[in-house]
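Same chain, two partners: chain A is paired with chain B first, then with chain C.
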Partner chain A sequence: MNSALIISIITTVLIGMIPRAMPIFAAAIGETVDQAAGTLNLGVEGIMLMGAIIGFVVDYYTHNLVLAFLTAGFIGIAFSAIHGIVSITMKLDQVVSGTALWFIGWGLSGVIYASIFGISSIPPTVLTLKPVYISYLSSIPFFGKFIFGEDPLVYILIVLLIVVQYFLFHTKQGLNLRTVGNDPRVAEVMGVNPILYRYAALLFGGFMAGIAGAYLTLAIVGSFYFDMTAGMGFIAVALVYFGKWNPWRVFAGTLIFGAVYVLYFMMESIYPVIPYEFYQMLPYLVTLVMILIIGAKARAPAALTLPYIKEG
Partner chain B sequence: MNIIKSIQIILFIVLGLLVSSFTFLFFKVPPGSGLSTLLYQGFGTIGGIAGTLQMTIPLLIIGVALTVPFTAKFWNIGAQGQFILGEIFATWIGLELVRTLPPFLDMLVAAVFGFIGGAIWAMPPTIMKLYQGANEVITTLMMNFVAVYLLLWLVSGPMEGAQAKLVNAPASAPIPTNYMLPTIPGTTISSGIIIAVIIAIFFYWFLRYTNFGYELKLIGQGENVALYSGVRIKRNVILSMIISGGISGIAGMIMVYGITQTLIPQFFSDVSTSFGYVGIAVAMIASLNPIAVIFASIFLAGILNGAYVMEAIYSVPIDVVISIYGIVMIFSLIGVMIDFEKLFRRRKIK
Partner chain C sequence: MEKVEPIIKMQGIVKTFPGVIANNGIDFEIYPNEIHALLGENGAGKTTLMNILYGLYRPDKGSIYVYGKKVNIRNSLDAQKLGIGMVHQHFSLIPSFTVLENIAIGLKDIRIRLNLDKIRERLEKVMSDYKILVNPDKKVEELTVGEMQRVEILKLLFRGANVLILDEPTSALTPQEVEELFKSLRSLVSEGKSVVIITHKLYEVFEISDRITVLKQGKVTYKGLTSKTSQDVLIEAMIGRGVNITEFPRENKNYEGEMRVEGLSIYDNKRVPIVDNVSFVLKKGEILGIAAVAGNGEKELIEAIFGLRKISSGKIIMDNKQIEGMSVKQRIDNGLGYIPEERLTKGVAPGLTLSLNSVLHDHWHEPYLKNTVLNESEIKKFAKSIIGKFNVAAKSENVLAKNLSGGNIQKFIVGRELLRSVKYLLAVNPTGGLDIGATEKVRNSIMEFRNNGGAVLLYSEDLDELLALCDRIMVMYRGRIVGTFERNNFDKLKIGALMLGKGIS
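Here is the complex of A and B:
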């Protein structure tokens, strides 16, 4: 490989990785807060699919992107509320409830799509989000374009990353939330309502997962197809482990994924000798390797997946 | 499990089914008539029942396979991948040996290889969980995606059959018809269903009356409970996953040798081949009782079979079944776990 090719690969990866990383990041940042409070939501995949279809349908009919994203977020809230009722209020198994939620979202998103657009029609498309060039900064050579030339949601999500990081580790409420995730009884003694915190975190996670799904249809693909997330929701959950429940590390993990997604599209054309199925395995293999590397050192919130049962 | 509890669970499953029937409203089909059409097509006609029982075979075996690690609260979501590897191993060895062995021995060897294939695929997530603490839901699921692409590569590359190459539809060479599992005389149903029921009965005994089954239950009650009772957690979990993956692999072998005859690609967006995922719903709805798995798998297979007809009549996509499964799963979870008697008793004391 000559150096020009290498440079062009690097630029393409850098330009493509941020938007590719964003749907996973949006879901992962919500899941981080959710898990920090002690609830594992495995339904992220299903919620993303629901957000993807609802966001798409709303945008298709109203051409109002803000409305589309918000509706997608609210469908996420509604779905995670089911998870909350079953796993927080009724204190039933979070894994079973999350899996069921994944199934519902998986099936229902396909049902909604088919009921509106038919089963075998050519998928309709919508215009995707346009990049916003921050006027001076984007004209910086080389870096300007891909750091300051992203679509508006990227900026919002990066601001959100800073806010969540600050909230979790530098505010009283953030401390309360992490205490709820580590030991809800201690939280109760501190005068914090664990149930309330868990619900708030869970609904935030659901909202973000809905947004993540809508981002996929409205900013990247431009149309919806069956089971289009293809495991991204689960990769988001895996990245929360990789990031050790720290938003910055989660963000770094999602960037690696963005790069993997772009790389495999490129490598496919550079090395067509390797069958393309192996390239498609890549995101999942990378997830496994990332979990393998980080697994032993990760310390989960102590009360993760444990329901809070009040004593006495 | 007493009778009242069983009735409670069944009531909740029916309730879940009723709630899920509202999804038919998306197609302007009244929920009542949608649900009755679905059930009638699955269970009401001779052809429907035959098709349902055929689909029951993989669901039943996978459902049983999943009860084993689920009892220890080890959430093996990877049955789909283990099933696919079982198919791959069984088909590969079966086609290699087909000329040298008589049919019965060929099938036996294929079943053993199916078991090995599934068990191998179940190992990395198990080891990562036990030695690294990696969440098994994620890792087993990732293994599924890898398996899907591995299969796709094999049937469109190294294992592609000559016939498939001609019509350009990826598949392996077919298993010779006289090497297939026989059908039950007088029906079109594969005798795999009998093997499936035997497996279910065996595991009912296995989980209930052996030390191993008891120890898995202890592990399921929490790590501390198991540690204090001197249960060797790692050994038991690894064994349960070898069994689970292996039996899922046997389901794959029976799928090829009993139903499809060739190795065909499976896409994760295609609900109709996602037996590994539906198997999760089967095991959950049966509340991890292998005998109940028999009925749960027939029930879910009937819904799946009925949904095919619904797709033709009302153009309701087959995906509708997976949301029905999800809703029924949540309701059955509530039905299994909530102790209404206790709730009422508490109220009275207060």
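Here is the complex of A and C:
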């Protein structure tokens, strides 16, 4: 490889990783808050698919992107509310409930698509989000374009990252929420309502997962296809572990995933000898290895996945 | 002398739980600037009474007055608003949070921004006011038990508690930590607070308290100032006068074989002895009782003999065979039986039928196992015989164990242990929580087993039960055997005094 090729690889990875990472990050930041309060939502994958199809349908008919994203977010809230009723109120197993949610979203999104658009060789498309160039900053040579020339959601998500970080570690409500995730009984004794906090965190996570799904259809691909998330929802859940329930670390994890993802597309064209399926596996393999190495020492919120059952 | 009004008055408190009257018309007062010891055996109703004051339980009857005003305490927040705080045996702390963060959880006077520096300032003021010190930036998991307790006390003071209730505060502390705690409590009282300590340790009461209330079986049996109270009066109030000892028919024959325990010790992970150099002989045809206040190594000793707990040193010899290196299965095969206290989790497999539960210890033997397959008809026959002979109220042997009442499960467990060929039986609180009928059945069965040459090592929290059943009683205190009594020398008050550590440093 010559140096020009290497530079072009690096540039492509840097340009491509942010759009790849953002949908996962949107889902992961929600899941981080959710898990910090003690609820694991394995249904993120299904909710993303629902957000993807609903966002797509709304945008297709109304051409109103804001409305499309919001609807996708609300479908996420509705789906995670089901998870809440089953696992928080009825105190049943979170893994089973989340898995059920995944399958419902997986199947239902396909059914909705097929029943509205039918099956055609040319899939319907919508216009994707346009990048917003921040003047001055985006004219910085080399880096300017891909760091300061992203679609508006990227900026919103980065603001959200800062807000969530501040919320979890520098506000009373964040401390209360983490207390609920560690020991809901202690929270109750200290006058904090664990059920309320768990629901709020879960619904926020659902909203973000819905947004994440719409992000795929409305900002990246421009159309919907069956099972288009291809495990991104699970990667989001895994990256929360990798990030040790710290928003900044979760963000870093999603960027690494995004970079590997872009890299595999390029490697595929450079070394086509290796089967395409192998490349496709790479980002997931890297995520797994990352979690094995770093996540092994991670300390989960002590009450994660445990329902709160009041004594007496 | 002027009369001091109590700041808190509980009157005629009654609280029942299914099958138990935990509090039966209790009057209790807390006075300003005093340490009040609430004394009693396990199950006397001390914690229940204080949980009522702290709003965790609602009393069935009775009223509570704070500064002469009748109050309705619905939950612990109500109690905290009235200046009442309680430290339970299980701490309410988040181990991965710092001390400061733990103090800040749920604070009402912060709106959004959590300014830990401000909280630190306030905490440091509280710490210097009451001379209770702890590093505010350490994580709770890095603290000692004594320090965690201090955090709990600080948490209450931080929220303006005037009355602090401590449930068995010394049970997990080292002697030095106990000294520290007592110092803190004295400085609290000198700063105008009132303290209630729930305890069953006699020496603590005299060392720290100003006033004593003794509970026994849900009733107040003694009330008075510590300075005007003698140890003997307290012991009697706690365990009661000697009652008529029930006489069971006893056949005294000599049988071959005995279990010998020699120099058995168990250390915890901090190298503190839980069971300390215990030796005794258990003969066939005898019931040997262990009398101890819970937490003095009695259960650990029995678990170690059955093989559920590693021993640090010592020997266990059963019929001239050394068994301390054997697995539980091997011990069972050599004739050891066990009636555990936790019948639903250790006595039976709740989700299995009675017939499968009947062969938990034998299903690897003939006739229950034939050519590697369970022999259902033999197993059912055995289960049926337990149900029949021990009056277990169950529709059939196919009922799941968890669908039986506690008393019937216990009769079933006792029946199983006694009908299979057990030679030595270990029993922990075999009649705990049972009604009179089931209690009688269990006691009679154990006695019959003894009369037929069985050996029983019995621990019971009910001293009267030990006095009724045992041929000998040994008293355990802080992991050691501190006295042994033959049946003709049984003296309830003497045994009680030893159990409570009187005259033992």
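By our rule, the second predicted complex is superposed on the first by the 309 of 312 C-alpha atoms of A that agree within 3 Å, B and C clash if a C-alpha of one lies under 4 Å from a C-alpha of the other, contacts with A are read in each partner's own complex, and residues count from 1 in each chain.
Simple rule for what comes next: a contact is a pair of C-beta atoms (placed from the backbone, for glycine too) under 8 Å apart; a residue touches a chain by one contact, two chains touch by 3 or more.
Model, not experiment: these values are computed from the prediction.
Colleague: Sharing chain A, do chain B and chain C clash or fit in the superposition?
Modeller: fit
Colleague: Contact-wise, after the overlay, does A:Met190 reach chain B, chain C, both or neither (first, second, both, neither)?
Modeller: Second partner only.
Colleague: Please determine whether it is chain B or chain C that touches the greater number of chain A residues.
Modeller: Chain A has more residues touched by B than by the other partner.
Colleague: Return, as a multiple of 10 degrees, the angle whose vertex is the Cα centre of chain A and whose sides reach the Cα centres of chain B and chain C.
Modeller: Given the fit on chain A C-alpha atoms, the answer is 70 degrees.
Colleague: What is the contact status of A:Leu175 with respect to chain B (first) and chain C (second): first, second, both, or neither?
Modeller: Touch partner of A:Leu175: chain C, not chain B.
Colleague: After superposition on the shared chain, which partner residues are touched by A:Arg249: those of chain B (first), chain C (second), both, or neither?
Modeller: neither
Colleague: So after superposition, what is the minimum Cα distance from chain B to chain C, given in Å?
Modeller: Nearest C-alpha atoms of the two chains are 8 Å apart.
Colleague: Write out the stretch or stretches of chain B touching chain A in their complex.
Modeller: That would be residues 23, 26-27, 75, 77, 124, 128, 131-135, 137-139, 141-143, 145-146, 149-150, 152-153, 156-157, 268-269, 271, 277, 280-281, 284, 311, 315-317, 319-327, 329-330, 333-334, 337-338 of chain B.
Colleague: List the residues on chain A that touch chain B in their complex, please.
Modeller: Against chain B, the touching part of chain A is residues 42, 46, 82, 86, 90, 92-93, 95-97, 99-112, 114-115, 118-119, 225-227, 230-231, 234, 237-238, 241, 275, 277-278, 280-281, 283-285, 287-288, 291-292, 295-296, 298, 300.
Colleague: Can you tell me which positions in chain C touch chain A when the two form their complex?
Modeller: 56-57, 76-77, 80, 92-97, 101, 104-108, 110-114
Colleague: Per the contact definition, I'd like the list of chain A residues that touch chain C in the complex.
Modeller: 170-176, 178-179, 182-183, 185-187, 189-192, 299, 302, 312
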